[in-house]
Amino acid sequence: MIYSLINTKNKKLYLLDNICHYSWQIMRLYEYQAKDILSRYGIKTPKGVVTDTAEKIEFDETPSVVKAQVLVGGRGKAGGIKFADNNGEIKKTVQYLLSTSIKGEKVKKVLVEERLDIDHEFYLGITLDRDKKMPVALASAYGGMDIEDIAINSPQSIKKKYIDPLFGFWDFNARKIVKDIGIKGNDLIGVTSVLSALYTIFKEYDAELVEINPFVRTVDGRFLAADAKILIDDNSLFRHREFEEQVKMQYSDIELMTKMKNIAYVGLDGDIGIIGNGAGLVMATIDTVNLYGGNPANFCDLGGGASKDRVIDAIDIVFSNKNVKGVFINIMGGITRCDEIAKGIIEYKNTKRIDIPFVIRMVGTREDEGRKICESNGIPVISTMDEAAKMIVRLVRDNTYN
Amino acid sequence: MIYSLINTKNKKLYLLDNICHYSWQIMRLYEYQAKDILSRYGIKTPKGVVTDTAEKIEFDETPSVVKAQVLVGGRGKAGGIKFADNNGEIKKTVQYLLSTSIKGEKVKKVLVEERLDIDHEFYLGITLDRDKKMPVALASAYGGMDIEDIAINSPQSIKKKYIDPLFGFWDFNARKIVKDIGIKGNDLIGVTSVLSALYTIFKEYDAELVEINPFVRTVDGRFLAADAKILIDDNSLFRHREFEEQVKMQYSDIELMTKMKNIAYVGLDGDIGIIGNGAGLVMATIDTVNLYGGNPANFCDLGGGASKDRVIDAIDIVFSNKNVKGVFINIMGGITRCDEIAKGIIEYKNTKRIDIPFVIRMVGTREDEGRKICESNGIPVISTMDEAAKMIVRLVRDNTYN
Amino acid sequence: MMINKDVKVVVQGITGNQGRFHTNIMRRYGTQIVAGVSPGKGGENLDDVPVFDTVEEAVNDTNANASIIFVPAQYCKSSIFESIEMNLNPVVVITEGIPVHDTMDAVWYANLKKIRIIGPNTPGVIIPSQKIKIGIMPDHVFKPGNIGIVSRSGTLMYEIAANLSEKGLGQSVCIGKGGDPITGLSITEILKFFEQDNDTKAVVMVGEIGGNEEEDASVLIKEMEKPVVAYIAGKNVPPGRRMGHAGAIIGGSSGGGTAENKIKVLSSVGVKIAASPKDVTDLLEEVI
Amino acid sequence: MMINKDVKVVVQGITGNQGRFHTNIMRRYGTQIVAGVSPGKGGENLDDVPVFDTVEEAVNDTNANASIIFVPAQYCKSSIFESIEMNLNPVVVITEGIPVHDTMDAVWYANLKKIRIIGPNTPGVIIPSQKIKIGIMPDHVFKPGNIGIVSRSGTLMYEIAANLSEKGLGQSVCIGKGGDPITGLSITEILKFFEQDNDTKAVVMVGEIGGNEEEDASVLIKEMEKPVVAYIAGKNVPPGRRMGHAGAIIGGSSGGGTAENKIKVLSSVGVKIAASPKDVTDLLEEVI
């Protein structure tokens, strides 16, 4: 959602928030993890404890707020945030939340925190503007609500400072936008250092987003991160081994399997399985099948330079969807070698029974070798995408009405 | 000594090593501290333990080497490094070293290490080239001996790579000079990462020098830091609070006192105490006193913007040298205010008995006020440095032969 | 020119599988591969190409002036900086999966030093008339001619080039922009080059869902004299999903980043939109 | 010109003791101090000078084009970068005790952005004829004239200027190079300026033991048309000691960095060497 802020004028919204849970590229940290990082960088957070059981919890800072630790968005509206006024209520609430799911996500941990006496809610964040190829610091005096709502309701309230990645983000850069959201005097220095620290975290954790929302001023004049969100670039996880286990937990079994095997798979509503190499080609294949009246059952990208084993895994995944009534494999060999693909198809064919239509089209690197392998095993190879798309649509339709 | 490397052609030697122990600006770490930092950055060091007592030492890696932890240079030749072949010998050697001084420095800690089976000794270091205003990486295949000796004996063996501080020092930069000292193949990658790590340490510790000498290749092909030296810029200690206590230990009482009070004091051989504001002016004052036949007893710089208390402390320090037979206070007011200086002199005069000659010269910011304060208290103020220098020389000579 | 015919290429990561494989294919096509770089392997020869420990040595010995990078993602940032420091231009980054912060830093450093980065996650660049390719594309589907192609997708570029070639529409220069969310040369920069390139008469832009580069490019296209035909992949992908390429995140409610929006904006500046990769050929024949 | 007569100065750290004190003295002398910067104190007025939270705001509101910095050493790096980013030129850094790594980074960034840093640990710069000083020197000892002074030491610059003024030898521009081991403008760069400056007829260089800047400057001096007189402080300091200024480390066996060596090298290119600060006046009278 944060991306919506970058170009509110053009209303370009990327619903990152909706997809990050099952995205291929971005890992989201739980609130308690994000707050732990924040406090290690000197940012104040409410007193709190995280727990995965209601049994032994002792927390003296009442009244409290009890928050389900989930990665889906809109947790508050979905009942994931409760209040409790004493230890008994805390226990009961923790127990309750641990027994529920929020928007389909099972609650495994709960964060219990002191309830803050809030004077004002701000928004502070650093994110990546992919179009401008640079980080941008964001601040608003209208925190608390979803930032996309701020962007729609009062876009002028969102102050931005673009950051030259070679120059960095200095306290004087941060000070400018902190001032722009109405923070003055001594508070200016403290809040500036919070925003500077967010950028340090952003760089050191290879983040796509580091956000405090709401960043609250309490009635007694303290500033704290009441909620926090950190999204980390999956590609950087080799530098952040501590999240290796966690990233696995964030994916469903099929997602994890495909991810581990370097296959990109997204289920769709139709009945024609699509496998190709390269996201653009697979999307074009889907478009073309649609153009000829077919309904693709999935998006499945083998990526570059797939081995025969990866091909076998991909066919397996596509067939795991029982709606699939035919498969179209579309290969444009570059870094991918057609012979490897052909070997995979043949090995799959030789070990598993394929009783539904199978259309193969392959062109490019080692095309002749690949074609020979297929044809010598009785699988015809079509030369053009259009021809192949038409054929799979016809075969599946025939099959369906037989 | 390291500075000698930077410009061996011109033979510009700065005997940093001789002065760093009592320098005002650079703090030296003990070998064991330097090695601890190195190993935290992934550089291999010999197995070892550091101790301040021989009682409980248990060290199984025999044969061993036992090294006095001192900050003076030339420790080896001065008997600070011993060998031991078994636990009994280790105990005895530790006990012996802890009871000695090396070049006047009391040994407080001892490092016991495995003795390495050395195939070759290299030199690796990063230092600051103050003339070029940039860091420089240094490597040589002739390690082990003092690097200034390498610079004299085989200057060509020292390979240098200057580092643009904005661009940083990359593995490919490091690789170049590691290769130039004859390290190849797989070793090239490992040693490159050691030199890269030295630069990271250099930056993160605000170092003036980070040096591994010797950097050894053992007979079984391992690379280790057999000795290590780190010098840290005193001005940066606010970023390195962990050394705060230690930096105090490295100074004598008088040095520490003056340092704490922002006074720069160095004792000389003569009998005329010199106090001034600004290092250049104090040196010029010394030169001028010399010119007229006097012998300065010290260099004492009040620094900029001295308060009256700092003036009182400075006079106290100068008088603590019993050779002093007269004092010349030379003030050129800029950021320093003459009235503050005058107040200090008067307060000193009023609380302590001054029975030796005192010549004051002050010009600049609040000169009139300062002059008035002195004169109304019966202390004449001279207008020029020359006149004042001549006067103090005459007064001290008269006094001496009276 | 994007690439001079005297281009001398150094292959960073030449001793890896892909690096070695494509070095040989590029040489067979006609590219002058003068050196390889692989730390610790300096002094060896790989299929007659000398291997060096550093780009600096490679450049000093062979006068290489461009680079192609096959180095694993973890080490790639350093490799890109190494090429930039030695003024190699362009730097073609084949590697995929580079952390986005690394790419961002490298792109800004390249801009500072006036070096062009193509990619990361690109198939590279090919000039069929000169028999030069710095990349991994299957060269036999490309033929000399005067159509320029810029593509966000590698395989889709091959697909469209193959269709064009079959119909006798050869290509001047084909450039894979790279599938990552942040890349060096943008579509707009590549279109600017085509507009000035004497060998190019018309341009094919192969876009896909996600990002705003196609929309941004419309500002330039409006002023361009040369005709532009576009194909945008991902029309039939449901909103709120991400399809493989990190770049291909598609937008929701407000329409930015969707195929629909891109097509609308591009059409409004006179771009002909192909319904399928095959359609591109027909539309091109109309405009030239 | 080193400093334009329309220079409008912002004082960073104006609310500190020294900042406030010297702001008033500079204004009284004639310098246009248009703004002060002190984070958290924005909106106040200090002795009629408006105070801002950032240099950016100060520049936007007052068109300030130069800066003087009194900020404590810990925060100084950031303040210097802030001025550079807003293209203030020169940036005069009075603060002493800045970590050398911080200064080094700032100096390189300034070079990249073509900004001149004077200092750190400098008394600043004064142009008596224009009644402009950006610095902390006692202005009454400086008089208008045509002698340029460059000095590594602040108080020694005042000393020598006072002597010159008394003998009727006024000054065109006097610049404190700064006492730190690494500073922005070097002696050579300042001499280059004097050689080209129409208001300067002869130059006084005030050096001291340590470093090699005086020796390095001899290369330029050899080519200069204007006469140079030098005084080098520290002749009577024993080797191997460091005297207050971090810059004043003196060399040992090989002679580099010693007063003796500096005097030898400078004499060899025709520089007249003064035996004491007072001597400078007599030597100058000989050469002009």
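For reference, chains read A, B, C and D in written order, and residue numbers begin at 1 within each chain.
Everything below uses one rule, namely that contacts are C-beta pairs under 8 Å (C-beta built on N, C-alpha and C of every residue); 3 or more make two chains touch, one makes a residue touch a chain.
Fair warning: this is a prediction, and the values are worked out from it, not measured in the lab.
Chemist: Just to be sure I understand the contacts, which chains border both chain B and chain A?
Modeler: The common neighbours are C, D.
Chemist: Calculate how many whole Å lie between the centre of chain A and the centre of chain D, each centre taken as the average of the chain's C-alpha atoms.
Modeler: 55
Chemist: For chain C versus chain D, what separation do you get between their C-alpha means, in angstrom?
Modeler: Averaging C-alpha atoms per chain gives centres 52 Å apart.
Chemist: Give, as an integer number of Å, the spacing between the C-alpha centres of chain C and chain A.
Modeler: So the centre of chain A lies 26 Å away from the centre of chain C.
Chemist: Can you pull out the residues of chain A that are in contact with at least two other chains?
Modeler: Not one residue in chain A touches at least two other chains.
Chemist: Answer with line, ring, star, complete or other to describe the graph linking chains that touch.
Modeler: Contact map by chain: ring.
Chemist: Each pair of chains that touch: what are they?
Modeler: Chains touch in the following pairs: A-C, A-D, B-C, B-D.
Chemist: What residues on chain A touch chain D, complex-wise?
Modeler: These residues of chain A touch chain D: 167, 170-172, 175-176, 179, 184-189, 192.
Chemist: Under the touch definition given earlier, write down the residues of chain A that touch chain C in their complex.
Modeler: Touching chain C: residues 4, 7, 10-16, 18-19, 23-25, 128, 130-131, 133-135, 164-166, 203, 206, 208, 233, 235-236, 238-239, 264, 266, 268, 276-284, 286-288, 290-291, 296, 299, 301, 303-305, 332-336, 363-365, 367, 384-386 of chain A.
Chemist: Could you please specify the touching residues of chain D with respect to chain B in the complex?
Modeler: That would be residues 18, 22, 25, 73-74, 94, 96-102, 104-105, 107-109, 112, 123, 136-138, 141, 151-159, 162-163, 179, 181-182, 206, 208-213, 216, 231, 233-246, 248-257, 275-278 of chain D.
Chemist: Show which residues of chain D lie in contact with chain A when the two form their complex.
Modeler: 39-43, 53-57, 78-79, 81-82, 85
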